[in-house]
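Each chain gets a letter, A, B, C, D and E, in the order it is written, and its residues are counted from 1.
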Amino acid sequence: MTDIAEAFAAAFSLVYHLDSDLGEIVLLSLQVSVGAVAVASAVGLPLGAAVALFRFPGRGAIVVILNALMGLPPVVVGLVVYLVLSRAGPLGVLGLLFTPTAMVIAQVLLVTPIIAALARQVIEDLWVEYEEQLRSLGATPRRALMALLWDGRVSLLTAVLAGFGRAIAEVGAVMIVGGNIDHVTRVMTTAIALEVSKGDLALALGLGIVLVALSIAVSAAAALLRGTLAQGRPR
Amino acid sequence: DFITVASTTSTQNAGLFDHLLPLFEAETGIEVRVVAVGTGQALRLARNGDADLLLVHDRPSEEAFVAEGYGSARFDLMYNDFVVVGPASDPAGIAGMGDAAAALAGIAAVEAPFVSRGDDSGTHRRERARWAAAGVDPTGASGTWYREAGQGMGATLNTATMMEAYTLADRGTWLSMRGRLDLRILVEGDAQLRNQYGVTLVSPERHPHVKAALARRFAEWLISPGGQAAIDGFTIDGERLFIPNAN
Amino acid sequence: MTVPSILPLELRAVSFERDRQRLLKSVSMRVASGPKTIIMGPNGAGKSLLLRLCHGLIAPSEGTVLWHGAAGRDPLRFQAMVMQRPVMLRRSVAANIDFALSLRRIPRPERRQLIADALERTGLGAFARVPARVLSFGEQQRLALARSWALHPQVLFLDEPTANLDPAATHVIEGVIEAMAEEGTKIIMTTHDLGQARRLADEVMFLHRGRLLEHAAAGTFFAGPQNELASAFLRGELLWWERRELTPPRA
Amino acid sequence: MTVPSILPLELRAVSFERDRQRLLKSVSMRVASGPKTIIMGPNGAGKSLLLRLCHGLIAPSEGTVLWHGAAGRDPLRFQAMVMQRPVMLRRSVAANIDFALSLRRIPRPERRQLIADALERTGLGAFARVPARVLSFGEQQRLALARSWALHPQVLFLDEPTANLDPAATHVIEGVIEAMAEEGTKIIMTTHDLGQARRLADEVMFLHRGRLLEHAAAGTFFAGPQNELASAFLRGELLWWERRELTPPRA
Amino acid sequence: MTDIAEAFAAAFSLVYHLDSDLGEIVLLSLQVSVGAVAVASAVGLPLGAAVALFRFPGRGAIVVILNALMGLPPVVVGLVVYLVLSRAGPLGVLGLLFTPTAMVIAQVLLVTPIIAALARQVIEDLWVEYEEQLRSLGATPRRALMALLWDGRVSLLTAVLAGFGRAIAEVGAVMIVGGNIDHVTRVMTTAIALEVSKGDLALALGLGIVLVALSIAVSAAAALLRGTLAQGRPR
């Protein structure tokens, strides 16, 4: 277990000496994951709500697929995005490969189904209670959807956090489409993977501890937001 | 301005680029972005035009890459060697042997655990060639004493330590990790274990967007006396990792 | 009223099934503007189902619901309903009404006055900023009525709107309902309060086990219903008990 | 009854606050076994809060709730409550009662009979296998009473238990309540139905804006309450309206 | 995009020729992930419910940490388990490293916080409705917890599926503690990562397609289960 003690020492010294390299990596991790989660929420929350609200043929299949896509393997997503963004691929001319943008794209694909699937469940539970009242008031589907998203905001925040958790912890996709290039596309997880492959487990673990601390900070920020959002809910 | 280099993990993990790139950048102002992946994946990146330069250690496939028109030129850059490492107990009794194939045959004879990279990398190909020379096909024993790890060199060395197994490793990774490993070098110096690295320029004819001129400057710098001296000066714990041999 | 009415409403042999049970059985009826219609019947008769069906919240398994005056317009836009258990959005009291008004595209400046009026009429003026879900249930029921009142619907469905109200509030809400009827809103309402039914009803529908057994003018009905079960109901007899002998009414 | 009673119940200067608002203000009272206690008051007076406080579901901000007979036992185990909006578990009608009985560690074989009896008494015999949440609201209220009845509590709190019941059901449920009281269960109940209060009450508590304004024997109270607001309430006057002049009672 | 066509061809031929190697890998993937999710559910569901139910000092912090741990990086979890199970580690004598058991352990650590955090939200929403009724009936905390888990079963299934999605798609942890050893600890994701590093993108993608198909099958099975579970819920 000396490794684990070493790891905490490494984490501590990393943070204590906070060199600009670590700062850069932490910042990029946050930028990519927050960016991806923002886009994924903008798409996934309404998508999940729409699947919860509307009855249409094939809806059951969509729910099954949404739930299954929570298990989309990052490496596979990374590959697909790579093939599309590669010079040999259809969007190669954009030159996005090995840029943070490519990483955001890959993570959006990974995280959107998670947020959508969890949002569907939250909204569906709420819809049982709200459906007739909203229809009676004459809410159009769009307005009903917005009202449900707003009234379910506290629970939906947990869904968004689940998506963020996937994004910030994920290494397979960002490694392939980002390339883990120092100073350009190196994020916490790819840095950790690099240290592991170098065999420097203590440094890898130290970085891991910093990453977990980062997640806790984001989650705490969300808790404050939750407190604000919860206004107007009973209790 | 920058170029993208597709490289193997062994060079990056050893820390070679951290040593070389600042020198080159200071001299030319050109930023070099290294994407370190498996040899197969590196070739694939270059083939798709996603890298401007290739730095790997599998000469046959590098030459094929040029022959197929994907690369415009290949240069020898440097070499080191592979070593057979294993537990101190050395159940197959191969310590000190000078012929890797014979050592492998000895391992197979007593069915001592052997961890293979199993990832079709340059190292793995070399290992397979030595098995072939030994007249043994270990894949039939896959999952028993012969274990295909399907991972990078560092992870494979760790696995070998845990399993008290033998493995074939490149010297660079071995040197950078040996302090944390419970293994030792048992076989080295076989001429068949030489590990030649090369740089290959990606052809702008296939991929017009490739930054051929900048990539050529980096390649030329690497094989220039200055670059070769820089490679020569890269050491870990006083030991030199790569021997420059551009001609 | 300048907008033409969506009434009369007609149900043609409407049935409603769930889980292979017929909960409404071939109900046919026609209601026109004007008279306040009160629906009565024992628990589980299907009163709430019938209101939800007329209001368009559930679709009939058989038969058709017709709004003869709709003329291609969406009839739902001209109706409102106070549910037996009103659902409060997770917002303030005022925001609950504001949301309903915004759905009818009433411009924001007009809304403020409408909200204030509606709250005042239902005695909730002091509660505008309170989260709706912490209101007492009587207050929630009044808020639901305020929300419907603010919409000025042509047809208003009320499902036991005073069940949780205190006597004075009941009295005032009955006044609000009367006033709305006078202003031209068609009232279709259920109640278990026989006194209230007598006070408000212009015509009565009596429902039992999913069947519409009687539909008559209030005077006629209360004087003595044609249907035997309806008259038993008015006498306070048990219509739905399984085995009567086990639970005799007290002496 | 062999088990000693947890009564009398005493509240000493109990207040309840939420969001810096005093919703119950220094309520002191004492109720003993025997007489059926009816709590009355306008909407939002705090009746439901008071019941929940006595029952131990919410804790007072100030003051104490004492069960003098509890003698170290958990008083909650000897009480039951029918809530104003009963919560139905997502199970069948019978399973809802079964769950409550299992919590009191009543052995499975005994439960079957208790469930059947409880459903019979409340007229729900035919609904045993139906999911509780699809019942009509009147049926749900009866199920909540059945569930409480099956527990044979020493003290039963009832929060407007007949608000959604049809007249005959109301009558029967009143009978069930009387019968329970006769078997020794202490009844503490709220109602907005003045007739029901007169029929059932042995003693009356009148609550207004969080204050207990009167606590008297039923005869005395209905003959003419001491408190001016209480007598206004009995006359059906509005006690909570903000601006009386805007909403005059109908002529 | 020829790669993608090739990938589908590869997937098809993989399944068509279903060789015993692929079968073995698929089976091990399922065994490890289902095993891990079973253990994680057994721990995470009651844990999440308990956090939802009980008010205790530090509860807010626990919620923040649970939410943050949804973003536990697989590589870090893999490392920690590796250090604990390695010869030099405290549990080294058990000889579990590079066995499927080690992979299950790592995935349990990854998945438990996800299931617990999502379950907490579901149960907390239900508790708002149920609290007073259950307390009035005299439910002990344990019984209340069981009743909530049962009545929330449909929504909780989605939480469990989210956990399964993480487990089946995850590569970082199982790679480190399992070692991706052919015929012993090779699962779908590590096989995909291997093909990627070999540069055989079509085969990698083909395996990815098989893996996604597997997820869909599991999700469909869950949908059937949901149908059964939903009995006794309205609608």
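Keep this in mind: a contact is a pair of C-beta atoms (placed from the backbone, for glycine too) under 8 Å apart; a residue touches a chain by one contact, two chains touch by 3 or more.
Predicted, not measured: the structure shown is a model, and the values here were computed from it.
S.K.: Hey, what chains does chain C share as contacts with chain D?
M.R.: Where chain C and chain D might share a partner, there is none at all.
S.K.: Go ahead and name the chain pair joined by the largest number of contacting C-beta pairs.
M.R.: Looking at every pair of chains, the most contacts join A-E.
S.K.: Can you work out the whole-Å distance between the CA centroids of chain A and chain C?
M.R.: Computed value for the inter-centroid distance: 47 Å.
S.K.: Just the number, please: Cα centre separation of chain B and chain C in whole Å.
M.R.: 81
S.K.: If you average the CA atoms of chain B and of chain E, how far apart do the two points sit, in angstrom?
M.R.: Taking the mean C-alpha position of each chain, the two centres sit 36 Å apart.
S.K.: Give me the residue numbers in chain C that touch at least two other chains, ranges are fine.
M.R.: Touching at least two other chains: 134.
S.K.: So which stretches of chain B touch two or more other chains?
M.R.: 37, 152, 155
S.K.: Using the touch definition from the top, which residues of chain E touch two or more other chains?
M.R.: 176, 193, 196, 201, 234
S.K.: Of all possible chain pairs, which ones touch?
M.R.: A-B, A-C, A-E, B-E, C-D, D-E
S.K.: Residues of chain A touching chain E in their complex?
M.R.: Listed in rising order, the residues of chain A that touch chain E are 1, 3-4, 60, 63-65, 67-76, 79-80, 82-84, 89-90, 114, 117-118, 120-121, 125, 128, 155, 158, 161-162, 164-169, 171-172, 176, 188-189, 192-193, 196, 201, 204-205, 208-209, 211-212, 215-216, 218-220, 222-223, 234-235.
S.K.: Please output the residues of chain D touching chain C within their complex, sorted ascending.
M.R.: So the residues of chain D in touch with chain C come to 18, 41-44, 48, 84-85, 120-121, 123, 125-126, 134-139, 142, 160, 163-172, 174-176, 178, 192, 194, 233, 236-243, 246-247, 249-250.
S.K.: Write out the stretch or stretches of chain D touching chain E in their complex.
M.R.: It comes out as residues 52, 55-57, 76-77, 79-81, 83, 86-87, 89-92, 95, 99-100, 103-104, 131, 133-134, 147, 151.
S.K.: Would you pull the chain E residues touching chain D in the complex into a rising list?
M.R.: 129-130, 132-133, 135-140, 143, 147, 150-151, 231-234
S.K.: Of all residues in chain E, which touch chain B in the complex?
M.R.: Chain E residues touching chain B: 86-87, 97-98, 175-176, 179-184, 186, 190-191, 193-194, 196-201.
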